[in-house]
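In what comes next, subunit A is part of two complexes: it sits with subunit B in the first one and with subunit C in the second one.
Presenting the complex of A and B:
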């Protein structure tokens, strides 16, 4: 406990906490982390994100739609589902199956519902006579009446259910009627997960190899430098894409010896995040390794290391207890930088269809928005949500990395 | 200097061999033959395709073939996706297109970033500096994808509507050799987007370099003897800041041939990035292998050249 308190009292930490912008960035990161943890605990699942919750391409913030769109929204999806259910042999059972997100059919007998549907169809036929509803104010009361009738078919949502239903429509829906808000939030978890896992792995690996290369020198140094020069001779994005590609149709069952196949049953590598971790892990450690190697070569000549060596400690002990802890500030800075890199690269890989699969991600949201021509038609909700959420996270980490750099490594160029 | 160059070259041979080998092994994690055949191929069909693609030979022989192609500088293997076109021909057409995009972008970015960095460094700590740095951080925090999508939307979709004429192409490519006006029409917008994207990173880097430089004693001396601000900035400081600038530019040079996968995909420029992405999508091994072999060579050469340029710019640096 005391150690932690002392850590916060160090000159570097005080310098770090003095800047108001940094505090804001930390609060923002905390909020993102909290959301990520909540989602990891099951607040939003990948299935929820795939659920159709409303009409396609609904505007966010419940913004008023144009009359033509209101007509489309009222007459599709839910109304059609109710109509189909009423046509079944057992309408009562079929009606219970009807659902649109959290919305269910109202507790009315099939006959009552049938009358409402008939009224709606009557109104719809009248509305159909208008050439263009957008320029036909006379039809507005009829449109409003039809919308009210459609609402009567729905069971009113109350309490938590109602809140969640409203929340799912907050930022509108995508081209398939899925909630943009929930998909955007879920992507926070994906981004943080990938960022934290790959940054932790890369920093630890890079620090260990870099310290070993710098301290031991000789052939260890040559081998490690050789490995990282080799990896950096392949263009980074090409290497990422090729590694991700190598796993696109990877079937673990067929790759392992026959007697092992029962052990790996049910492990689905190609839809997991493992290929992304491997692709990032293979490339991201290089920068950290280089920095830590340089720092270690400097530290190696310090008196306290000489003292430790004279006292008879093993190289391994000196590395682990004296060198690596003294490069901790560089590890922290690199961790923050790699996290940003991982999040940005994940979005690009997912956009190219090689990253996250079967789960929402900002990259996938941006790709969907592009494929559906959202931008050209002026529907910015999906791409905007992905952009803003990602921008916030990356900006916060950028500000934090800068502050870390200023506080712990002010001489860095 | 020659001894240094030759020693470095020899030292980097294993790096080069390993780079090509790693790439070839990574590609072979997945069986490309199955993807090229219909759903349920017979064993004969499978073997025939495998033989046709040259994958029936042992790995080392395939590896040797790639190295032989590099050594003779003749990439005469046929592409798998476009039969009859050799890898060499494809690279020869694709790489110049990428260069037409990336080299102007690099030059513009470097010049603009250095100027902004100098302004920022000379006003260090004042509001102008803080604003510039803040915008650089803001710019760095936006995804490349977003820049491209909105850049394309404003430049190639909204702008022509406002102006009434077509300024930039939204998609496609025609050679500027036929008509020089093709270059600004097809390339200027991607170049501008690319400049804006990399400006944040570059400005911050060059600013750090310049700030480091402004604290040196020779600046104080120059001030004391009455040199003007502009003279200090452009004559004294810029020359001394040249080493980090040259290093950074040299390191990015080999990446020019890769082109930009994303920009070329969005704007439909059939350059190297586009060819590579297509090759990876359709597992066209000869293209990927040939390109990696060339790129790795360029990368290693540029690292060696950087070391040599160090000595040229700073006589204190000794090559050893």
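Presenting the complex of A and C:
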């Protein structure tokens, strides 16, 4: 407890917490992290995101649809309900089914349902007489009545399910009728997962290689410097695309010897996030490695390192106990920067169809939204959701890493 | 620990022997990273330190005195020459075979601000070395560390503090405690007080003196301050540009110093007693570049008594009367 209190009293922490903007950024990051963890615990699954929750491209934020479209939606819902409830051989059994996907049938007797259906058909015939509902205000009450009757056909959702159904429509639906709100939230988990895994891996790898190169010098240094200069001479995104592309048709079953094939059964690498991790892990460690190498070369000449050497400690012990802990602040800053880089690169790769597969991602949402030129015709809410969520996360981390850099910079008061 | 029975170090055998020690630092450059120049940091230095003795090494900045200390303790690998510690040639020992020797020789560093790991508490710093050399068992660790802290004049409650919570003098005491933690016989003190305030200097020096007597330590004391050396050491080496120019006992050094460089060093020191003030020798010019030392005597470019012979031949360190060795063609007796 005392240690924690002391930690918050250190000069760095005081500098970090002094800026109100940083606090906001940290709160925002906290909210994102909370959402990500909740989704990881199963609050929203990939299957939920794939479910059709309503008509295609439904407007978000409860904005009114045009009457023509309202009529179409009501008719479609009506036909779906009738199909589910009455199209079955045994209507009674159909009614007992509480829920069929998202199309639900109200808990009413067949006779009652029949009455409602007849009323709706009557209303539909009346509405059909209008040339264009959009320019026919007199028909509006009838349209509203039809919509209400259609809703009666369905079993009303209550409690959590009702809330979730409502929530799924908050930001409207995409071209396949899937919830944009849920897809956007689920992408937070994907982004954070990729960001955290690659940033952790890259920082640890970069720190270890950089510290080893800086401390040991000689041929170790030459080899590591050669590797990272070679890697960094290739444009980063091109390398990412090449590595990710190499995995598009990767089938582990065919690549391992015959006797091992039963071990790897069911492991689907090309649809997992592993190619993305490999592509990012291979390129992202370079910056950290370079920074830590420089810092190590400076620390190496500190007298406590000399003291550790005169005591007879092994190089490995000195690296692990004396050098790497003293580069921790650089690792922290780099972690924050790499996290942003990974999230942005993930979106770009997914947009190109090389990143995340089989799960929602901001990149996929942006690509879907722009696929048929729909954005130009006013379908902004899918691309908007993805962009705003990504913008918030990247901005918050940018502010945080800026503040971290200031806090740990000894020249900055 | 084997300590000489006799308190008279003159009669005891040498603990450390340094023979023809040379340390060059290559400067690399050019297309193929070849050696284009060498810094002649330590040039053919030989001396002995007897058990229980304190040997001072004095010289101006960049004369190679710190490098000499670091080469003895193998922080730098010597270019050539040998270091013999208690009869064992440690110049080419492997790391694992060097470790038991390293327990017996320790170093106190110059800058107290950089000689302690800022992320380790005092206790962690001490425990680490004690554990490595298995000085005491885990159960005795706490009392042993408390004893060490008390010995160097720190409070026992300071155990859990981090280095930045201490003043410079206190940090230097922690550095001394770390060196003493492994019960060494030989300590190299690399300018242990030059980074401290004068008032603190005296405290730390007195502490070192007390500890030296109490633990019967052998010391190599590196300093640029003649007063400190004179106060603290039994004998001293005067270094100039990587060479030892004079080796003499620290008794009445003003009267016995023979080499012109030592005299100049002494003259540059303020003396409080007006009767002892001698002529003021002001050295002209700069120290030559260690990349390109003079062909003959290293001091020839600034020596007031240099002759033509000094420009071509480097004078050897020759024995003179009274445990005195001087490297100068012109100093005869």
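Just a few scattered comments:
Criterion: the second predicted complex is superposed on the first by the 373 of 413 C-alpha atoms of A that agree within 3 Å, B and C clash if a C-alpha of one lies under 4 Å from a C-alpha of the other, contacts with A are read in each partner's own complex, and residues count from 1 in each chain.
In the analysis below, contacts are C-beta pairs under 8 Å (C-beta built on N, C-alpha and C of every residue); 3 or more make two chains touch, one makes a residue touch a chain.
Treat the numbers as computed from the prediction; the structure is a model and nothing was measured.
Of the two partner chains, subunit B is the only one touched by A:348; subunit C is not.
Touch criterion met: A:387 reaches subunit B, while subunit C stays clear of it. Once chain A of one complex is fitted onto chain A of the other, the partner contacts of A:161 are absent, as it touches neither subunit B nor subunit C. A simple residue count on subunit A separates subunit B from subunit C, and the partner touching more is B. Touch criterion met: A:232 reaches subunit B, while subunit C stays clear of it. Legend: residue contacts after superposition of the two complexes on their common chain; A:56 is shown touching neither subunit B nor subunit C. In the superposed model, A:119 makes contact with neither subunit B nor subunit C.
Shared interface residues of subunit A, touching subunit B in one complex and subunit C in the other, do not exist. The residues of subunit A lying in touch with subunit C in their complex are 302-304, 306-314, 321-322, 325-326, 328.
Per the touch definition, subunit C reaches subunit A in the complex via residues 70, 73, 75, 95, 98-99, 102-103, 105-107, 109-111, 114-120, 128-129, 132-133, 175, 178, 182. Contact residues on subunit A toward subunit B in their complex (touch as defined above): 226, 229-235, 237-238, 241-243, 245-250, 344, 347-348, 351-352, 362-363, 366, 369-370, 375-376, 383, 387, 390-391, 394-395, 398-399, 402, 412-413. The touching residues of subunit B, counted against subunit A in their complex, run 12, 14-16, 18-19, 22-23, 26-27, 29-30, 137-138, 140-146, 149-150, 153, 157, 205, 208-209, 212, 244, 255, 258, 261-262, 276-277, 280, 283, 288, 291-292, 295-296, 299-300, 303.
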